[in-house]
Amino acid sequence: MTLLSISSATKKFGGLTAVDNVSFNVAKGEIIGMLGPNGSGKTTLINLISGDLPATSGRITLAGDPLTGKRADQIARTGVARTFQLVRILPSLSLTENVMIPAVFGAKAHWGETARSVARDALLRVGLADRAAANAGQLTYIDQKRLELARALAAEPTLLLLDEWLAGLNPTELAEGIALIRSLTDSGITILMVEHIMEAVRALCPRVVVMNSGRLIADETTETALTDPHVIAAYLGEGHDA
Amino acid sequence: MLLTTLVLGLVLGGTYALLALGLTLQYGIARIMNLAYGEITLLAAFILVFLFQGLGIPPLAALVLIAPAGYGLGWLLYTVMMQPLVARSGSSGRLDVDSILATFGLLFLIQGVLLVTFGANFTSISYLDRGINILGVSVALNRLIAFAICVVVGTVLVLVLARTRWGLNLRAVAQTPASAPLVGIDVNRVARQGFALGTALAAVGGASIAMYQTFSATDGVVFTMKALVIVIMGGVGNVGGALLAGLALGLVETFVATAIDPGLTLAATFAIFLGVLLWRPQGLFGKG
Amino acid sequence: MTDYNRRATLRAFSLGLAAALSVSASVAEAADDTVTIGYAVARTGPNATGAGITTIPNYELWVKTVNEAGGLAMPDGTKRMIEVVEYDDRSSNEDLVRAIERLASQDKVDIILPPWGTGSNLAIAPLMDRFGYLQLGVTNVTDKAPEFVERWPRSFWMLGGGHDYASGLVEMLSAAHDAGIINNEVAVVSVADGFGIDLINGARPAFEEAGFELVYDESYPLGTSDFAAIMNEAQNSGADSFVAFSYPPGSFGMTKTAQSMGFNPKVFFIGVGGAFPIFPGIADGKADGVLAIGGVNADSGAIQEYFARHTEVVGNPPDSWASAITYASLEMLEQAIAKVGVDNDALAEELNSGIFDTIIGEVKLEDNQLRDLWWVGQWQDGAFKGVNPADKEGAADPDIPKPEW
Amino acid sequence: MKLLLPLVALAALAYAPNLVSDYGLGLLIGAVTYVTLANGWALFSGHTHYVSLATVAFYGTGAYTVAVLNETLPYPLVLVAAAVIGATMALVVGLSTLRLAGVYFVIFTFGLAELVRQLITWYEVNITGTLGRYIFLDVTARDIYWQMLALGAATIALTAYVHRSRLGLALRVIGDDEVVAAHSGINLARSKLIAFVLSATILTLVGAVASPRSVYVEPAIVFNPTVSFLTVIMALLGGANRLWGPALGAVPLFLIFEWLSSNFPDTYPIFLGLLFIAVVFALPDGVLAGIERLRASRKERTA
Amino acid sequence: MLEVGNLTVRYGKHVALDEVSITVGAGEMVAILGANGAGKSSLLGSIGGRVRPEGGSIRYSELDLLSLPQHELVERGIALVPEGRGIFPGLSVSDNLALGAFPARARAGVVSNRDEVLALFPKLAERRNQIAGTMSGGEQQMVAIGRALMSAPELLLLDEPSLGLAPIVVQEVFAALARIRTTGLTVVIVEQNARATLAIADRAYLIQAGRITGSGPAGTLRTDPAVVRAFLGGAAMEQT
């Protein structure tokens, strides 16, 4: 069953077409990787889905309901949660408060003890429960990443968008991170993840979509994609002889 | 009737434009929203009167002294007061608020000094006060001079900005300060120059207003408001825009005063101002 | 030519400083052999200009004069020096109200002198009444004075109301019209605040009744600095008489604009500021013939002496409208104290019933109001002289039409 | 009890007029007025970091409403009317301006006060033909004080409540990062609008309650832009995003201004200017944050 | 000519560069290759004065670069074309180029430098009056590189010049870089496009997770599976 459907999504910035007529579907419960070199339009596409940017044209639906044309907060309330490529935490709020926000303002609109317990669960899941009262500004980078994931989880989302959530982690942390994401898919959340760390993509995603210069150049199994000459060329270049 | 409105409006608009040029440079290049701008114009106005009445220096000659003095004062203000705020804010965007609050303090400071030094009296001089016939409309010579100063200063400024290397540097910093160091421009230095140049223009504006208008030490905020309105209308940092917006505002005010109701001139000014802010915050003459 | 004289302002400043410094001393001693007089007047903000010309210099001049003469004479024949407690109301009514409370309940001064401006005086009237102080209001123009006297029996209103000035002006213009000097068309502008509105509301029916036609009648907002368009309209209206119920910036701006554009109506009347000593300078020496609110009996020896002393002590001459009345009000106070002491109730009674000899002549108040006032004055031979009421002692004949600029 | 101390303080303050002179009462009124203004301002601007200079637009509107209606309506209804007018005005202004950011918002709010003043002036001059209005109400200084104290206490209570509510959380998130706020399901426009209207209603009520202090009301008198600036600097000095910050900034600054203006009437603006600049330089985040920083660094040193 | 020793860069608690050392000889073109987030831009940014490192040293012809403010570096002959290009989008192409010649060292040769730049990017000559921000990404990249060359640099630092460009434009950019290389300019280039880069560079460093994990002559690295691994991880290498 298709959860997220993207058809002919296009985003232009002035003369630049950042996302060019991209279409693909994500089934419920699936975890799908989005690959592509820097600047190929992956983050822009994520922004179109989450409502951070309005699409120039095309249509995006979640479980049949259109997302295009809605504001970010409305989309968030339909059950879409995300992390950001550059970590965005709320430095003046405590960890619990950071994580509570989507629980309070999201689809379920919890408040009081319920919201706190949702936040506590999310923090527990990412391993930050013991620091719940600390200020988010004091966290290390990896903990900030964890916090951001916890915040996305507290939304109890049906669709989770991860934008290079694993970037910048050391090998131990990476292994923990991969295990964490796997535990999420096991609990039934649908995940679309932009990722550069191929080990992680291999480990987590049976299927990937690959973008280059705003276009979708591949939508296939991970094994196929990583040996697809188009994909390799997209990453490493064509090797022009000059 | 229409011609009269046109002539009077342009002359009025010329002085408005002159008033706004400095503020648009200060905010455009140095990113300082200077609420003490009007007080600096007043300071120059008082100094012009002092030079004229106390020392007998003719106002047009006094301008030659006041402009560089204004530059010096701006240089000093930026170095002592603004630069630490700029350094502290980094890219956090708090500079706007900090500069508004700090220059609000400066506003009181200068006003206090003016009150103590020059008293609370209305001040004015009579200088070339006779009427000149322009297309059948009588206009005071001193206002024409102020208009001419505006045209000359405005044109020179536009040309300098458009044609010279220094002007190009100023424009570069105004538009994309983050890129300026890549070509070797010391943003801090250019910002200081821009602020100082803006102060010099404020001084020239104040001095030319002193030639024809009665003023007192508490009038500064009126000048600041007018300049602010024009700067926003013209697009922040846009010198050509400030010139056009100043002229346009003069025309609008004159038109409202003659055709609608003098009681609504200031209301019209602010309504246009707020309208522009909402409809095109980048200014009527801004790009994009 | 000059309104600005550095040495003079500096002197005025040091005078003020001396007064300010005496504050602490006076409060500390507050002995029986002094009379403490307090006031809160605008030294900063928009009201500072008006207060700085009309109110503060006269308070300071009077205190200095009295103290140099050995102090205020008391009913028992002794003399008591004046000590001053002075605050800045920052042109804000809130601060003013608090300053009055301070003078009354903290400093416990004997007399409180009023602030500058109609709004300020009204703002403190209930307080002054409650604290039992008399309020010797001078710089207010209001038609409601009789009503206010009823409400606050110790309040005094010494500058008339808008209707008075408007009728005075209309009376004078009617005479000129009857003499065939001017046509029946009037161009009138008024500043959009309480003062301007009061005057124009009084003037409209008065003009109409006298057979004048208001061919141009507009108000302009406070803060207007450009009058070219207004003056141009007035000039094109064809009226022989130009009347402006204006404040100093407007009065000055209109004068300069009229001069530069060669607008020469037969009657050129302006509001506040026309009687200021700096006006001839503003008018580039061509003030003669300009009509304005107020006036003094310029031929009176007492007035001439007052002008000379004011110029000497303060550094510049007083204005020719409210200054002399302000000073006269203080003289009245001085004489009343000599009779009944510093009890405010007795003083109020005495002020209303007594006859006083002041620089503006013999003064007798009617129902707490000074009614014997100059409504219209005119610059003649470099002096601002009262011309209406025409039957008032010392009235000069109005010079109409005004000579061209 | 956390509530006990504020309640005792409130009771003490309510009793205070019996102990002080009229001037003391005047000081209390002034201090409470500015505490309420600063708090009301901070209710919107404290967390969102939108610096509004429109305080006097609402304050003046409140005062003017009382001036216009005091002879036709009973006093409590006048206050209700002021609140309604203030809220409506804030709604219109908010709907049109909250998409402006940074300095544009600041300038807009600065211009707004001036526009309101000009429009009221024009209306009064041309339509009603009166400009100055009189407020002859039988309201004593004590009444004003108690009303203002109640309003101030209500404002602080409301602030405390908002801080704990969804709205407060939303505002804090908006102040930190609007993108995260939107992606967490917060309706930015609605949250900002509600806060702005609440804040503006309080500011309008302050103007209304304070207005009987001056008998005579004129646009030039009640739309004094200094009020807007003083409010901002007081709130920022104390710390605008903390419950007691605005009060902590307003009281000492108010007293300093009073002291300066009575002791240095001529040079007062110079000192005021220097003080302003000093606050911006020395205490950029407010006194409370400064104290916390100091405590933190001391803790670090001892540790 | 350029010596970077034990450079460490942190953003908060995140270590972006961990004791990185590289050297670049005069006239060399050296590539820094690595996946996204590996620390390439931090390295180049440190050399170009945009990033303040926490430890280590950067010496250039006996000069301690870390002691100089960013804008001074251009005067010393170091030109940086940052990621995102750093052009003046609101100014015309010719203004952008003119600004490139801001340093005193470049002023004498403005005319000949401009001719060279326009010969290198003929498109810029056609569009000299166009506002730079309205051009396509590839053209903007040309403006950025052209502007850097206008400052008569000895050392050119290029950060991802092919980023976000269509393949055909990438080709064009690399062709231009190859020509620049023949002028004897020293170039440090950070790229994801490893193949195209290795085709024109002399040497390359591989960077992974903030550390140098390999280096060598470009010719050798072109066939080294470690390069592919740095980008695509394990399995991909067998197929290349």
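The first chain written gets the first letter, and so on, giving A, B, C, D and E; residue counts start at 1 in each chain.
One rule holds for everything that comes next: a contact is a pair of C-beta atoms (placed from the backbone, for glycine too) under 8 Å apart; a residue touches a chain by one contact, two chains touch by 3 or more.
Small disclaimer: the values here were computed from a predicted structure and weren't measured.
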Set of chains adjacent to subunit A and to subunit E: none
Chain hops separating subunit E from subunit D, counting only touching neighbours: 2
Chain located farthest away, centre of subunit A as origin (C-alpha): C
Selected interface, C-D versus A-D, where C-beta contact pairs are more numerous: C-D
Distance between chain centroids, defined by C-alpha means - subunit A, subunit C (Å): 75
Distance between chain centroids, defined by C-alpha means - subunit B, subunit D (Å): 31
Computed distance of Cα centres, subunit C from subunit B, in Å: 35
Subunit D, residues touching no fewer than two other chains: 118, 121-122, 125-126, 266, 268-269
Residues of subunit A engaged with two or more neighbouring chains: none
Contacts with two or more other chains, residues of subunit B listed in rising order: 111-112, 115-116, 261, 263, 266-267
Interchain contacts, given as pairs of chains that touch: A-D, A-E, B-C, B-D, B-E, C-D
Complex contact set, residues of subunit A against subunit D: 50-52, 71-73, 76-77, 81-82, 84, 88-93, 97, 100-102, 104-107, 111, 151, 155
Subunit D-facing residues of subunit C, complex: 13, 16-17, 20, 23, 43-46, 86-88, 90-99, 101-102, 104-106, 118-119, 122-123, 125-126, 131, 151, 192-194, 196-198, 201, 219, 221-222
Residue ranges of subunit D touching subunit C (in the complex, touch as defined): 21-27, 29-30, 33, 118, 121-122, 124-126, 129-132, 134, 136, 141, 210, 213-216, 218-221, 224, 226, 258, 261-266, 268-269
Touch list for subunit E against partner subunit A, complex: 11-14, 16, 35-37, 133-137, 160, 162-167, 170-171, 174-175, 177-178, 191-200, 209, 222, 227-228, 231-236, 239-240
Subunit A residues touching subunit E - in the complex, by the definition given at the top: 14-16, 37-40, 139-142, 164, 167-168, 170-171, 196-199, 202, 212-213, 223, 226-227, 232-233, 235-242
